[in-house]
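After this come two complexes, each holding chain A, first together with chain B and then together with chain C.
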Partner chain A sequence: MIIDVTGLKKRFKQQEVLKNITFKIEEPKIVALVGPNGSGKTTMMNCLMNLLPFQEGHIKILGKDHKDPSIFYEVSYLQDNRVLYGDLTGEDHLKFICHAQKLPIKKAKEVAEYIGMDSYAKKRVRSYSLGMKQHLLLAVAVLNNPKLILLDEPINGLDPTSSIQMRNILMDLHAKGTTVIISSHNLEEIDKMTNTIYFMKDGKILEESLEDFNVPHYTVTVSEPEKANAVFTAACLHVEQSGNRLIFSENKIPLQRAIDALNQNEIEILHIENKKIGAERRYMELFESELSS
Partner chain B sequence: MIHLLRLELIKMKRSRYTYVLLAILLTAVGSYYFYVNQKDMGLDEAQAMIVESLDSHQQAYEQAMKEIEEVEKREGMVDYVLQNFLEVTKRQFEAHQMMFEGVTNHDWSLYWQGEIMNTLRMEENKKEELQTIVKSYRWPTPFTVLSTMEQVRWMEENSIQPVFPTNYASWHSLYDEEYDSPLIKDLVTDAAEKYSSSGFFFIYYLFGYGFGLLGLFFVLFLFTDILTKEGFGKNGPIQMLRTQPIRKSMFWISKWLTVMGGSLLLVFLITMTGLGLGGFFNRLGDWNYPVLIYGPDRTYTFLTMTEFLFRGLGLFLLILALGFSLLFLFSVLTNRAVLAIGLTVAVIILGQMLTEQASLLTWSHWLPFHYFEVYPILNGEYAVINENELFTYRQAMLSLSICTLIVLVATFGAVKLRKGVMS
Partner chain C sequence: MRLLEFELKKLIFSKRFFYTIVLLSALVIGLFVRNVAFQELMIEEQGKQVVVYTQEAQSLLRGLNKQVEMDPKDTESAEQLKHLSRGLNALYEWKPLITSTDWQARLQFEIDFLSSMLAYKSAGGEFSMNSTEMERSFALNENLLAKGIEPELENYSTAVPNFMYQITDLYVNLGAILLLLIIAGDLLTSEFEQRSIQFLFTQPVKKSAILHSKWISMILVYLLVTAFLFSLTWLITSLFGKPGTFAYPVQGTRDSSTFISIDTYVGSSLIGTSVTILFVISLILTISLWIKHSMASLLITLLLLIGGYFIFGSITEGLNPFAYVFAGNTLKEQGYLQNIPLVISGGLAIVLYLVALVRMKNIT
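Let's turn to the complex of A and B:
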């Protein structure tokens, strides 16, 4: 078990900001936390990392209580760049983490090279651009080869090159068996990284583990949508209907099978369109009220 | 723990604020040294003064001799008073001859023998005075004369180079409350302000200022940067430290060790600077120069200057410990380092003001704020001034330690309470 959260509740004074959150991550994956500002993403991450106390619930990280500091030998948290010391150099930060993590000092240099920050590692952080600071934060986070890494809006404000670099590094980490939990507002980047998105709203996870929502979908426009829907329902296959359009998920009903079924029942196919739902569309559906207001 | 200490050192090393404060400190130390050096009555000046004095005593002696010869011729005999006068002037003349030779040949034992011979009569008189008057307040009181003579004998035994002037008109003590005239009072007070730019003496002056509120506040401000850098209570580097495999208590312990170790390092730096300046521009000085310690009931003892400074350092470290305990407590309570420092300074100043008013209470000696100036406590002046013999060095160590412990327990309690409320 990588993360096991049960009944997590957090209040700031009278306001409940996390409402009975429960979820588990059992195997290495990339999980995105998506939600509007104030939905509780950062608060939840801070609670997971024992940076914020909470009123109710239990958190276990890699089988240990989340308050056990030894979890940080295997867990990293990339926060915003205010956690860096302006007067210290990037190298100072990396060397300190090496000492704290009981890693050989040469690892600092290796990671600086891997992240691509070796050219400015000896400069004071105060002189760094936003992208450079994000790279340093990432270097700090990956130094210990974590089994779990949490990233709080790491892509915000990055130029396209840095964003791509950041994504590649995270995908690389995931490929090596690291679980990545990332919060971001950049839904396009999220789509490129993961199928698993936790949509958060008002301190709750609205949807979790949408394993299939990023797989190819297609829309078939038919002459008799009600009849068509009944055909699939009779075969115990779920189809989403919108007007005279039926939306199929490729991994549940392959396109050819759908066409065969419609033809057998003499239902005219007017149009077929390939489609991917994607995080953005799902976000629009879930947060329709915010968007319309 | 070592990596946290190393981090604190790197933070100090990279902090411009630290360098600016250290530069200000070293400039102040250097300027003060040159002030002391200007005020220092050097050997040439002292020799000239002794020569002048020697001449006048020689004249007085010759005059007395002449007078006696005339009386003897005229009256065939010399009375006891005149004979005695001749002896006194002769002794003073010989004493000044010894002092002159001592200064000329840098034979300090001889110099002090001259000073003892010069003041021996006064010492005898004061011993007699003690038989009849229990407590004298007129300058020079028996306390002043007897303690100074003992000090002089100590210096004679150890061949210690004097800090000029050394004549009896340059001695006074806390018990000298009355003077024959305001002019004499001014003369004695001025002459008693002795300056030596030798290394040991200079650091003795320096720590007279440093081992107290001035030093405490300087150190607090010097290490402010270390505390504020973490951004307690907000999203600062503390968040990065807290996501490392480090126990929270280690942050506090490492900070505690850093500020105490840093303070020691600072004292060492100042000591070396002082000794260096003294050694370069004058001389290293005498480590065993005697420092007068007031005891109960007009008793006195002496400490060597080195022992005095070491004891002073011990007390100052306890003052720092209490200061930093308060700072840590307020840091925990307010979660804002700058506010915590403001509150610490305010509490210490207010504490001192209120303590002054409470000095008559029977348990007043347990209040730690009495002990924030080291020298008056260590040399017993504070006890004499407040007429309370319980204000001792030992009591200061005890009160400061207990209070520090209480504040630390309160800090620990505040941390636990906060955890209990919030999680």
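Let's turn to the complex of A and C:
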């Protein structure tokens, strides 16, 4: 068991920020935490890492109590870049981690090279750009070859090259057996990394996976969308309409059946397109009320 | 890189540490330059003061002469006249020696003048120079003469020991504490404010080890700054000043006949300050763990130290753990280093540290 969270409740004064969160991660995977600001993503990560106390619930990380500092030999947390010390160099940070993790000092150099920050590792962090800081944070996080790595919005503000590099490193870590928990607002990047997404809203996990949505979808553009929609509704089949386009799920309405139904009702088909339901689409569905307001 | 090295590097490689060291150097150099520049002026001023005293004494003498002529039975005026005449004669002898290298003769005439004027004042005479000031100068000059030490201009000396005394006086009277608070007072609070403490808390490092390393690194920074300050002082005065002697007397403030030598003063006041620094470090770390706000914890610490010094000082002198917040003043007042306040201060440092340790273990 990598993570076992049961009945986690966290209040700040009277406001309940995490409402009875329960989840388990049993095997290495990439899990994305997605939700609007204030939904409780960072709070949950901080609770997992024992950086915030909570009122109720239990957390076990890699079979140990989350308060046990020895978990950090196998767990890393990539946080906000404010945690870095501006007066020290990147190398200072890495060497300190090597000592704290009881790793040979040469590992600092190896990781700096692996992350691609060896050219500026000896410069003071205060002179770093945002991307350089994120690279250092990533280097700090991967230095101990963690079994579990948590990343709080690591892609925000990064240029495309750095984002791709960050994604590749995380995918590489996952391939080596590391469980990655990443919170991000960049849903496109999330889609490229995983379909295990915990959508969070108001301190609750609304949904734990996009696997159900990982079936083929297609969009059919028709001449009479209202008429077409009425045909499917009459047959008790749910179809999503967007302008003159109808969106179908292959497992609910196979494409051939949809074409037949439209032909029978003499509705002209203008265009057919394959479509994957991604994090953004699901997010729009789950947070419809907020988006409309 | 060990945690202690990491903490120490954070302090020493900070811009604040650099600017503090630059400012400290500028202050030491500036003070020395001021002493050099004003030395002749101060000797001139001394000469002018002697002229003023002479004119005043002459005027008083004329009045007294008339008084005695008018009333030869006025024994009080006759007594005053006798002392004033002696004083005036000493002034006449003293004046040409102001710029002379014959410091023993100069000192002797100053002593004669002061003793005559003290006798004149005790016989009921009036003179603009304050009696306490005269007694203090008299005692100091006698001590210097007895020990065969050439007098130095107070606060304007360029001699190694005297300039070191001047620097020490500034450093041990709250100066060292202020410097430490400026450099490292927010060592813990800034970590909470910037959330960098999370960097340490997400490593397999015990929270107690974090506190130990911060405590030790603050001590090391204090020692480093102290060593730098005194090395710079010694270097400047050795190169551009004169040798002098560390046996030079530092006069007591409560009893003007009590003296300690500069070497004793520097050594004892630094011991007093160092113990107080341990107390201050424990205090600021403890307060930081509760308040987690830099400015507030610094202000509270300073208020506690200064308030404690005056409040405890007025209640109990011998048991005041804050006595060596102003180590120089306390030492000059007492005339020797008191052990009990040091033991209490050191004990409080340990107690506060243990309190901080318990708090740190439970903090998130």
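Following the convention adopted for this analysis, the second predicted complex is superposed on the first by the 234 of 293 C-alpha atoms of A that agree within 3 Å, B and C clash if a C-alpha of one lies under 4 Å from a C-alpha of the other, contacts with A are read in each partner's own complex, and residues count from 1 in each chain.
Just so it is clear, a contact is a pair of C-beta atoms (placed from the backbone, for glycine too) under 8 Å apart; a residue touches a chain by one contact, two chains touch by 3 or more.
If you're wondering where the values come from, they're calculated on a predicted model, not measured in any experiment.
*Asks:* Putting chain B and chain C on the same copy of chain A, do they fit or clash?
*Replies:* clash
*Asks:* Under the stated touch criterion, which partner chain does A:G243 make contact with: chain B (first), chain C (second), both, or neither?
*Replies:* neither
*Asks:* In the overlaid three-chain picture, which partner chain does A:L88 touch, first (chain B) or second (chain C), both, or neither?
*Replies:* Touch partners of A:L88: chain B and chain C.
*Asks:* Using the superposition on chain A described above, determine whether A:P104 touches chain B (first), chain C (second), both, or neither.
*Replies:* A:P104 contacts neither chain B nor chain C.
*Asks:* According to the stated criteria, A:F72 is in contact with first (chain B), second (chain C), both, or neither; which is it?
*Replies:* So A:F72 meets both chain B and chain C here.
*Asks:* Name the contact category of A:G63: first (chain B only), second (chain C only), both, or neither.
*Replies:* neither
*Asks:* Where on chain A do chain B and chain C both make contact?
*Replies:* Residues 49-51, 53, 69-73, 75-77, 79-80, 82-85, 87-88, 92, 96-97, 99-101, 124, 140, which sit in both footprints.
*Asks:* Taking the complex as given, what residues does chain A use to touch chain C?
*Replies:* 49-53, 69-73, 75-77, 79-80, 82-85, 87-88, 92, 95-101, 124, 140
*Asks:* If you look only at chain B, which of its residues touch chain A in the complex?
*Replies:* Answer in residue numbers: 2-3, 6-7, 10-11, 14-16, 229, 231, 235-240, 242-248, 419, 422-423.
*Asks:* Name, in rising order, each residue of chain A that touches chain B in their complex.
*Replies:* 49-51, 53-55, 69-73, 75-77, 79-80, 82-85, 87-89, 92, 96-97, 99-101, 124, 140
*Asks:* Give the list of chain C residues in touch with chain A in this complex.
*Replies:* Against chain A, the touching part of chain C is residues 1-3, 6, 9-10, 13-15, 194-196, 198-199, 201-207, 364.
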